[in-house]
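Each structure below is given as structure tokens.
Below are two complexes that have chain A in common, paired first with chain B and then with chain C.
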Partner chain A sequence: MIKSVSSLRSLAPVLIVLLLLALVPLFSPSNRFLSLAISAGINIIALYGLSVLFGQTGILSMGHTALVGVGAYTAALLARDFDIGFWVSIPVAGIMAAIVAAIIGIPSLRVSGHHFVIMTFAFGQLMTIILTNGGDYTGGASGLDMGKPVTMFGADLDALPRFYLLVVAFVTISAVASWAIINSSYGRTLRAIRENEKLAAALGINVGRHKIGAFIVSGVFAGVSGVLLAYFLRHISPGQFASFPSIYLALMVMIGGARLLLGPLAGGILVSFLPEVLNLDPVQSRILYGVCLIAVILFLPNGLIAGIADGWTWLAKMSKRTPAAGNVPEAGR
Partner chain B sequence: MSVLLDIKGLRKQFGGVTALSGIDLAINEGEILGVVGPNGSGKTTLFNVVTGVHKPTAGTVTWKGKDITGIPANQISRNGIGYTFQQAMAFPGLTVLENVQIATEHSAASARTDFAWPTPASLLDFVGIADLANEKAGILPFGSLRLLGLALALATRPSLLLLDEPAAGLNDRETAALVGLVQQFPAHGISVCVIDHDMKLMQMLCKRLAVLDFGSKIADGPTADVLHDPKVLEVYLGGEL
Partner chain C sequence: MDILLQQLLNGLSIASVITLIAVGVTLIFGLTGIINFAHGEFLMVGSIVTWLAVSNGIAFPLALILGVLAVALMGFVLERIIFRFTLERPTNGFIVSLGLIVVLQHIVILFWNANQKSIPRPLTTVWEIGGVRIASVRVMVILMTIAVVAMTYVMITRSRYGRALRASVEDRDTAALMGIPVRRYITGVFVLGSALAGLAGGLLIALFPITPFTGGTMVMKGFAVALIGGLGNLSGAVAAGLILGIVEGLSAGYGFSEWTDAYSFGLMILVLLFRPHGLFGGTSGPKMA
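The block that comes next holds the complex of A and B.
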């Protein structure tokens, strides 16, 4: 059951932000800006999936870009071998990534915490090794080209402003899907597993099945994100889906906040644009990311958005209390 | 009175340590049974084997005539056996209402239609924490947390409730309130098995007691008789008073 008022209040800000972002092409932004925004958006789609897995279910995956890779390679292979375009690739890649996600999820039934994080990290590396050694089929270390453009109703969506709008549309769908999951009884079940696995089982919840289910859901998001990436970059290679990009994804979802709907959006935008805004080179930005991660874990364990929300309620409480405290003498007792 | 849960010859070994050495115990419909014993006597192991946390080394657990030995934990509650934990009673990061909603949503819908507390609100009312519905469970005082744990176990619509040290950490007033709630269960078709070593609580709650020591049952019968059993006095007090 969806509680209409309170849950709509969490969706509204996200939709407003996305609506504003959809207006950006009207101001004829630079191609550099649009490219960055598109990459950020593609990441955000995967982040919404990761937030179901990490934020709701409490399982951290450090191999998540491997699933994005499954989506991207599925799209590239479908285009090369079967002449299948973007719109069919989306569901196929979603399913493929979901299947691989379910397989990654199986060890989570026996292993948890840090140990499982290490396993997902290893899985990410394994995926890169497989893609690199796939011979002509996966294009080896140099990867695959994507020969097809995205078309819709006969129109070519390849121009950056149009592709940007396509990505914003997919981000919106991802946000709404994630919102629907969070506010359903299914989302509650996942949170129960996050909070107390033993008790969840005692109440009749099949913990294992729901953990795998969360992997499958996050896999679908990652697969869709991968298709968009393949069609955007026009060339994909194994290095893009190794463990380092996975760490960036985990970083984005932690910085933004995994449990709130605005979190993935904020995290994806911040991490993508911060180096650009501050004019940092790649080495400096890696250092910045490291500092950010430590700061967020220490001071804002629920992410930036939750931190801002907490700060806001604290301020509101303080401003309410100040006059009242003046009326009540302190030595009242 | 018919037997609800029938435990026969239950053994559990952890490596070379025998935690349970062949326990026979029957829980009857409509009773409140107490299982007592000193620390390390096997009470919690018994609880864990019945609720599917551990698989038994030997022996059977029969529920309403059906063999349920070693079935997984989440199947236990679906069969109508609810249980509470000593620790980890609730989902700390979720609100009290969400806690109970989760438990209600996963109760086997077919289990019992005649249940006295079908909704989350009615459960919170019954245990007396309705005013805390929108608080995070993690900030509840300990007494309220115990009551929430009880509400969660009740929400699965059980025919039998297993309570593992339900009054641990409660003060006298809170314990009395808990006893008042548990005593109402048999009238609502919920039999109870309480595991504890608090004799005062057991005397208030249970008409029948079973005593464990070193993994064996050394006494089983009406509470008053068991408390005067020389073997029980030996275990508890080191001999005759």
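The block that comes next holds the complex of A and C.
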């Protein structure tokens, strides 16, 4: 696998942004700012999974928060029943979420297009019902508490600035992982399926298996983000992981743009901080999100960042008097 | 046995509301290929309008009509300013409808808060036949649904407009060549589906208190019914609605009520796995040129 210069160029802006974000605690930000940033970061990790699924493979899942929930409940149950801490929970939750993704994905992907979205939606709702009816084991409707702190080399990472850095580190890992997938031959296979499923199948690509593979990969991201969520919130309940919160994840990934590496990062940050910047209450900000989503789909179907990039290339081309709006090079996506 | 009949009646009255949703979903999907997830929010708006009208002293029948008209108008406006532009790419229509869910829910919360809303029962008579208590309001809901669905069915299978509609579902381009104003039919079906959702909303609030989030569960069940019956298949939707009503009623009667919501989803998943086009066969949406 030869990394071309252009593929490295798509990673660089993300790494620079993340490096700058890692410096934020130096300016002693408020706790409120840090909490917002942490929840944005946890979402962004899940969004990178969704961007592999939706952006690269072209499948939209409404069960993504359910997979985040698998991660969160895995972490909470491991801590409660086996006294297992954060660092072991991460891989275990990733594997658990991948298994559940496979259980959901194998039947769901037998049906195509719209039906798939509705299937994942139904699985998400089913999971909430199961968690709610799980009795003492899953804590019922009131959920579970997380009693263990996050420690690293004996140091407690629970203070907000430290937890923030931990989240930034995980966001960086997921961005790099997502970049590695996008630029591998596997990523090219997924894009081939997105662009023309029949052609991909005719070229000998096992479409079904790769779709399930992409779904499982997205599940791993969701599981890891769930563990961080459980350790951050200290309390989780089934309602958080129903299908409707998935709409907000889809919205973030669409607003940022699912195909660009910078997309999930931009979408997650924008959606979390826009209400703060514009001083809106939660109800107003949700109306704004919805309107943004509709506007983005109608006017900028590739997301905000891609829209800006398209506009930039268009301007550049206009100055060179080349006709027609250009596209951002595929390698960067 | 008494409890069983009782629960069956309860199940059927809720299934009526769900069937109305499913019929709208199935009609809109059949012609446009758009999966409008915000259909449940249309129902919720119908409930809210009925609630507002009744709280302002308007009689229930008139309030119900107002609810239907308001949602039909909303459907018309949304089709003209949004869904019309997503006809070529139905996936975008679906995503847009997700945005609409969020917008409609929170606009209602913004103006009328998120609390439960209820109206006094429009019919309070309860008949008691052989130990079974039959609430007349439930009977009204069931009868109205039967009447409206039958009317829709006759219109689509018997009338000239229905034939033109089915021709447009079969092949949009050829239908247009035959002089059928397909675009206008699309708008018309969207308005009809919205009106049915508005009616369902008005009937639902006559049965239960609602919240701005009621639409979410209702639309999922509506979709489950539409999918089980086969998307685009009207009689399939009615049959599936009946099945779901009986299953939910029976399970509540035998004490598994906390799992009621799981049946529609579980049933839907099973049906889609083994018969992806539904129990009664559906269309896979309009054929794209």
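The working rule: the second predicted complex is superposed on the first by the 316 of 333 C-alpha atoms of A that agree within 3 Å, B and C clash if a C-alpha of one lies under 4 Å from a C-alpha of the other, contacts with A are read in each partner's own complex, and residues count from 1 in each chain.
The rule we apply is simple: a residue touches a chain if its C-beta (ideal position, glycine included) is under 8 Å from a C-beta of that chain, and two chains touch if they have at least 3 such contacts.
Quick caveat: nothing in here was measured; it's all calculated off a predicted structure.
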{"item": "Combined model on chain A: chain C and chain B, fit or clash", "value": "fit"}
{"item": "Angle, in degrees and to the nearest 10, that opens at chain A between the C-alpha centres of chain B and chain C", "value": "80"}
{"item": "Which superposed partner A:L60 touches (first chain B, second chain C, both, neither)", "value": "second"}
{"item": "Touched partner set for A:G204, first chain B, second chain C, both or neither", "value": "first"}
{"item": "Chain B versus chain C as contact partner of A:R194, first or second or both or neither", "value": "first"}
{"item": "In the superposition, chain B vs chain C on chain A residues touched", "value": "C"}
{"item": "Partner chain in contact with A:I95 - chain B first, chain C second, else both or neither", "value": "neither"}
{"item": "Partner chain(s) touched by A:V117 [first = chain B, second = chain C, both, neither]", "value": "second"}
{"item": "Which superposed partner A:V24 touches (first chain B, second chain C, both, neither)", "value": "neither"}
{"item": "Partner chain in contact with A:A180 - chain B first, chain C second, else both or neither", "value": "neither"}
{"item": "Which of chain B and chain C A:A250 touches, first, second, both or neither", "value": "second"}
{"item": "Partner chain(s) touched by A:Q125 [first = chain B, second = chain C, both, neither]", "value": "second"}
{"item": "Where chain B and chain C come nearest after superposition, their Cα distance in Å", "value": "11"}
{"item": "On chain A, the residue positions that both chain B and chain C contact, one per complex", "value": "none"}
{"item": "Of chain B, residues touching chain A in the complex", "value": "51, 72-78, 83, 85, 88-94, 98, 101-103, 105-108, 152-153, 155-156"}
{"item": "Interfacial residue positions of chain A with respect to chain B in the complex", "value": "185, 188-189, 191-192, 194-196, 198-207"}
{"item": "Interfacial residue positions of chain A with respect to chain C in the complex", "value": "60, 107, 110-111, 113-115, 117-119, 121-123, 125-126, 129-130, 132-133, 243-244, 247-248, 250-251, 254, 283-284, 286-287, 289-294, 297-298, 301"}
{"item": "Touching residues (chain side chain C, partner chain A) in the complex", "value": "35, 82, 85-86, 89-92, 94-96, 98-103, 105-107, 109-110, 216, 220, 223-224, 227, 258-259, 261-262, 265-266, 268-269, 272-273, 276, 285"}
